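Here come two complexes built around subunit A, the first alongside subunit B, the second alongside subunit C.
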Partner chain A sequence: MAAAPLKLLIVDDSNIIRRRIARSPAVDRLAVVGAAANGVEAIELCRATNPDLVTMDLTMPEMDGVACVEKLVAMKPDILILVVSALSDKATAVEAIRRGANGFLCKPFTDRQLDEALAELLAGH
Partner chain B sequence: MVTEAEIRTFVDGATHYFAIAANQPAAIGSPYLVTEGLPAVHEYSGLIGISGRRQGAVCFTAPRAMLMVLLMRMNETDTSEANMRDLIGEVANTISGNARRDFGADFVISVPDVHTTRKGETLPLPVNIRSFVIPINWRSHSAKLIVCLD
Partner chain C sequence: MKPVPRWLSLPGRGRAAPWLAGGLLAAFALGVLAPGLRLADALDDANAAERALADRAREPAALQASLVLARDRLDTFAYVDGPLGDVRRSVASLDALLGQLKDDGAVSGVLASHPARAIDPPALAELGAAWQRYRKTLAPLLAAHPLPYTESETRGSELNDAGRALHEALSVAAGAGRSQNEALGRAITHLAADVDRHSARLSRTLRYLMLGALAGAILLAAGLGLLIAARLRQARRLADVERQTAAILRTVREGLFLVEPSGRIGAVHSESMTKLFQRGDIAGLMLTDLLRPIVSADTLGTAEKFVEVLWTERTRENLVRSINPLQEVEVSFDNGTGGRETRHLDFDFHRVRDGEQVAALLVSVTDVSQRVALAREIATLREQSQAQAETLFGVVHLDPAQMRSFLGESAVTLKMINAILREPARDSAAFRRKVENILRQVHTLKGEAAALGLGTVESRAHAFEAELKDVESRREIGGSDFLPLVVRLDELLGHLNSLDGLVGRVAEPAHGDAPGETIPSVEPASLPPLPLLLGNLSDTVARRQHKDVHLATTGLETVPPELIQPVKNISVQLVRNAIVHGIEAPEARLACGKAATGQVHVEFQRDAGGNCRLQITDDGAGLSVVAIRAAAVSRGLVSEDEAAALEPRGIYGLLFRPGFSTLAEADEDGGRGVGMSVVAEQVRTLRGRVAVASSDGQYTRFTITLPAGQSGRQANAA
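Up next, the complex of A and B:
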């Protein structure tokens, strides 16, 4: 029997980006279990859907992505988090990784870049 | 005051955005300083407040027709008003966020504040700081990136 696809939660305050990631060929092999518009929603959805993998924006209202990464990792230490953000300075990427993220993809991105970032994340774990 | 090198950062950001997100490069016009009053804007504007080491705002402003085509280029079928507003904010956020590669992490950007305006209306930009306007031409449409930093 084939293994169940890994469950993906998409977190971004932009509906366009959430939909863009959800319909990307890069996530064809994953099961999208939810989409959240901020960190607070993401935590609720994480509890409800138990995702294996999260794409996480950083600049969001209510609770930003860096704070959310830390909370998700505390809730579920084995969760894989790919930060997908326009914040392209090195210090932000380093801080996100320090808080528990596993990878960083800078916006704007192509389908191929998203595919490569997800593949790299999954290959490493 | 914004330096020529800093303007180059935003020009590069706008160029990069259209090349990647729309898969079709934009032509960037000559940036100019607004010497009197506030810059004119298009129907939709995404305003990013800047704090930290610099104070001010960065704004991407575009007409509805351009946003419609941009959404279609992104394979987005939902061209509702909500998605137009979402897109204008996302473009402003992405170009401003990318500028941190050069400005550093203490170039702090807010979440986008989206405005729809009629002809002749202006945005709540800082009145004590002069704005640079970077014209962006993409397909047959014109937009602007407004950089208003101390």
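Up next, the complex of A and C:
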């Protein structure tokens, strides 16, 4: 990965979390190509922007995170998905990982935790 | 040497060594024994031949002797058949030998396989010729002959014709013998020497073979010795490993075990497992069966999925750790006396890899009950200190009058609740009314605490409220259901008293108030300014709901003192509702073309006649008739048919029924179905009216009109 920065798509139904991730120094090295508020939007944006990385909330209206993970992986098998969710959602997180997500970050998170989670996601692939 | 090169398999090296050794041994035995036996056989034959030749070497001499003896006997008219028989036997023997030599140049079996190379054919031919010549002179002696003597009385014994002929033949033969015998004897001796040399060669070869075999055997023995030593070393090392493993498993405090791909626990596990799981049959058990009796069904389901994820190679260790549902998991065991014992166990999973494949899961289990208990204790302590800090902060930053007023009001509320609790009740309906009544009081208290930013009070009130809701949801309510409520009330009261103590310590000296008074009496003048209180509330609730809200107030400073309390109660509920239910999330607002920040407006007006009007307006999503109807039906307030028959006005009326809420889950900000019934009761007490106006996606407005002259009633009621 030399020239072009990797493209990041943010998926979360909360505006605050979306902004939180987009403005975090952890994503400085990445190009944020879009932010979706639900699964349906995420699929559309993925098709339009072809991102390398996705941060994925699990509980969202329209299409939830687990279904969205499954669709995204089917569309783009080499996509890297970081599940960003509350600890109480662990069961859902496990399900998302089973469907093909690659990492898990617990809400609430610090910039450093986000940075580490993204670094690990990239290091493993 | 590497520790264990492949997963749980014995080192493959040296497994072929025993076969190799066996093969070597067999090849060695064959290589030595076969030629050895052959040589021994040949040697045997050579010896026999040598004996035979040695016997025949004397034969010509014996023949000569027999000839001479026969002639001598003939001269003395003695019996000649014996010596003549000897002559015939010797001739036959030499015939046989010479015949053999002449035919194939071999003597007995030895010379058959080893042709008499040392005997040169001309010498042999010469020998044959000499013998033939000699044998011709012997021929007349070989045939049977008549008696050689004649007996007569006149002349006595004398040789007859046959006797003379015999005598003649004997003399000729003896003469020939003297000339031939030496050559014959020499030839045979020569032959014997030949065989002897051959036999010596055989012996030498055998000796070399034996020496070679000895050397080979020594080498082989050395090799075998090394092999056995290596095996013993390996066995000792394995025994060492086994002993150390057993020691580790016996001593380690964690529960350690392996899970095989089948989901079964391996045959070996640490001894502490028995204690941790209170069962002895762990080896070979399915992991699921180990967990099922001790964790909740939800946890079990998640754990099963989690373990499934573990078997896939791509998930990484850190991810595995972060989504592990069995971290500090609560487990419960039968304590043997019918009760359950609750503990906390921490399961840590590590993948054991064989190349790329996950071959097994190594699980370590730790009892973290003490750690968890400690963590909880620390959390409680932290909350307590936070409560104190919050209070101090509140005392320093808020108007002391505000705090005092809140504490005074709370004291009154709690006294009321206590009074309600004491009220006698006979049937379930009466108990239910009591619960509903208390619910409203606690809900109000909670709202005020939230408005003042007193999180610790708010959370306790919230817990109390949850307990009340739980009781309310039961079909039949009895006196015993109230016991836990008393505990909660005590807790809340204790907390408020400790706050009061703090306020007393910090605030009173500064204001020079009389010390020693625990809970100050309620004085309208000491109520906090309404705009400030509502502003606080708005900020707190908006932050928790992740919404951007701006609260504007008008005319609140003109509220007459006797109405401050009810106006405050009503506006707290309605402002909270406006933020929770009305104002949309910022992105939703932007999406439908509104400003991201929602507006809530509280307006108070009083006309000349003393009639008052309180209006709370928000520019949120408006009231959804459909949602209200559905929520009322799902909460059992009205039947589906009744709901369908209601007009919008009637639908709005449902809002004010106790127990109504559109939120599925209750939190600090709503969902208990209490708030609006508080508003309704306040308005009813003041004989006022509530009007609701709303437009979908535009606004919601509650207008409360209070007729003049009702404030006195309210004051009395308080």
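Convention: the second predicted complex is superposed on the first by the 119 of 125 C-alpha atoms of A that agree within 3 Å, B and C clash if a C-alpha of one lies under 4 Å from a C-alpha of the other, contacts with A are read in each partner's own complex, and residues count from 1 in each chain.
What we mean here is this: a contact is a pair of C-beta atoms (placed from the backbone, for glycine too) under 8 Å apart; a residue touches a chain by one contact, two chains touch by 3 or more.
No experiment lies behind these values; they were computed from the predicted model shown.
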Examine A:103 and indicate which partner it touches, taking first as subunit B and second as subunit C; both and neither are also allowed. second
Could you look at A:86 and tell me whether it touches subunit B, subunit C, both or neither (first, second, both, neither)? first
Which of subunit B and subunit C A:37 touches, first, second, both or neither: second
With both complexes superposed on chain A, which partner does A:50 reach: first (subunit B), second (subunit C), both or neither? neither
Based on the superposed arrangement, let me know which partner A:60 touches: subunit B (first), subunit C (second), both, or neither? first
With the two structures laid over each other on chain A, which partner does A:23 touch: subunit B (first), subunit C (second), both, or neither? first
Determine where on subunit A the residues touched by subunit B overlap those touched by subunit C, and list them. 14-16, 91, 106
Sort out for me which residues of subunit C touch subunit A in the complex. 298, 301-302, 305-306, 308-309, 314-316, 318-319, 322-323, 325, 546, 585-587
Subunit C-facing residues of subunit A, complex: 14-16, 18, 37, 90-91, 93-95, 97-98, 102-106, 120, 124
Which stretch or stretches of subunit B touch subunit A in the complex? 16-17, 20-21, 23, 71, 74-76, 78, 82-83, 86-87, 89-90, 93-98, 100-101, 103-105, 107, 109, 111
Show me the residue ranges of subunit A that touch subunit B in the complex, using the header's touch definition. 13-17, 19-20, 23, 59-61, 85-89, 91-92, 106-110
